[in-house]
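Starting off with a structure, shown below.
Per-chain residue numbering starts at 1, and chain names A, B, C, D, E and F are given in the order in which the chains are listed.
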């Protein structure tokens, strides 16, 4: 099994609903350093799992919709808290759509899965893994 | 599949029994930078896999029993060398007990597995993964 | 010259005034991973520049006033943008006050300087250094 | 499941064939920081998955055949581009041969799998995982 | 004193002349992860030492002249080995020219100094610091 | 000014004398990840500040005297606590002796200074800088 990972980041504001969050119920923010890992069993005739430049561009495009925003105002997240788990899942789902649309190349459409990890600090991070 | 990871550390002395260990048979020590990863399929109604603050507190509690100690004197390890593999397994088992006792919240009791990674330096680390 | 550094972090929301900031004029946020370095020429009779636990506690106390807040609402920053440079300077100044008040121990009052570095992502960080 | 990882690096020149590579078709180079992870279910009587010193030596031996070379001149890679995926697979295969030959110790011959990760920069890396 | 740092990278081939280099006399390569630090005493009216986006763009422009090249073919380096020290100095000098030409903004022309650090692996790096 | 840094590590046991140390008065241990930085104004005719391989060998030789030992038993430290500050100073002093003895090459004898940083965890480190 091959895995190729690219790293980028986004900086957002948000707040959480629910007493369990304590002071994080207040409006605050986060830098998410985001690792997107693509997994698959075979390389193409160039010897790559997918074009790493196109993978990075797809991740950039997905993060551009979050960059420098207050996620509390984003209708996509109206029904949920924008926890690091939820944002990881959203980024993974949006990357999956781009892969399936062929945006990362034809060979990438045969990939097995994607894992998205969001680092919210040097001591905490979360991932979401899904099939492609 | 979601994964949430928290990082902490502990500093211990120990020595190893067995010729294979060479100079590590002498009393020496280590800083273990410890990553505890919790894995599960579903988020709770707050949108979290588990309360990251409670996860960090559970890891801290497990490491508090090791902090600033000579593991050679710890009866839990009387029958074994305290290799990085063995300590990773011990930390994982003790975290699992705390999760199963509900200490990290009710939803966390439905988690699938835990992975504990101990970094003993910038060039070597070891993990133990087990079901919950 | 000795230097002792402790690391912690804080998560804040903010926005910037000024066309140069482009999309960062919108409300967004950041995780600041904060390194506080204390510098001095001599160790005390225990062989330490300062008590590393007290240094970490002082940094924690300074960051507690920023944690999970929208810096746009903090009167301390009413007259300025809360750029990473400005926040680094503010953290350094507040740490300096605590050191000078003896909160980090008597010996620490003889320290030469403090440097505070805020990492806003894996590709950008800023520092402020000042005398004590 | 236990995993033990050791890290080392190698510095090589290479070029790629194929228009998809753009400027990387020119002769250029890379530092590959290489993590070799060994996975297995049981520890030996010393409490180790494998001798970490012998694991590091095996990785060093595999990388020594790549160090300070132009991979375009290496007959092993005559039929393929030396992408990070291909080099990860080659390193994993060569490590597997050494493990199977008993070079990392008798117990290591019962290992389940090996994962080799090559970091080509702070923002991109690739892995290859295979059974042992 | 304020310092602002941005990180980027470049991947090059090269070889060294001189017996002291041993196997590094052969054609090989490196990923240089490059940190460019700008230092100065005052912030502008926006509260920044310099525009971090423009600083990153200037670093990218300097590295673009090195990216995916064999430095042995670059006339700028005809008279010297392209050691990590020499490349750090070259990057610093070229950044300094861009700063002095006003490319990073008017306020940046009053900066004190620039430090460029090239990481050639996880265990070795080099810097060059110069006045502006 | 040029700086060249090499990284290595050592794993030791020790205990501290003095109530201020709290639980660290017990026998415990640490992994010290050690960065040795050499500083100087000029490169030699090969274009290097010093031979990076010889610098790494000198650091290894200095750390070999600490590796896998209980520092409480080392006569060099009989009169002092082996705090991270003290060990950083000791490593720097011993490196300086080796540089001055010509062990790192003739050109290195003209170096200005050395800085040794010991990382005791992901959240704490200390340095000692001295002239050569």
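Operating definition for what follows: a residue touches a chain if its C-beta (ideal position, glycine included) is under 8 Å from a C-beta of that chain, and two chains touch if they have at least 3 such contacts.
Quick caveat: nothing in here was measured; it's all calculated off a predicted structure.
With steps allowed only between chains in touch, the distance from chain B over to chain D comes to 1.
Of all chains, A has its CA centroid at the greatest distance from the CA centroid of chain F.
Looking across A-D, A-C or D-E, the interface that copies B-D in more than half of its residue contact pairs is found at A-D. Bringing chain A onto chain E by least-squares fit of CA atoms involves turning it by 180°, to the nearest 5. Most remote chain with respect to chain C, judged by CA-atom centres, is D.
Averaged C-alpha coordinates give centres for chain B and chain F that are 30 Å from one another. Residue numbers of chain E whose C-beta contacts span two or more other chains: 7, 122-123.
On chain A, the positions that touch chain C within their shared complex are 7, 9, 11-14, 23-24, 26-31, 33, 67-70, 120-123. Here chain D touches chain B in the complex through residues 1-8, 43, 46-49, 51-53, 56, going by the rule given at the top. Residues 16-18, 20-22, 80-86, 88-89, 117, 122-130 of chain E are the ones touching chain F in the complex.
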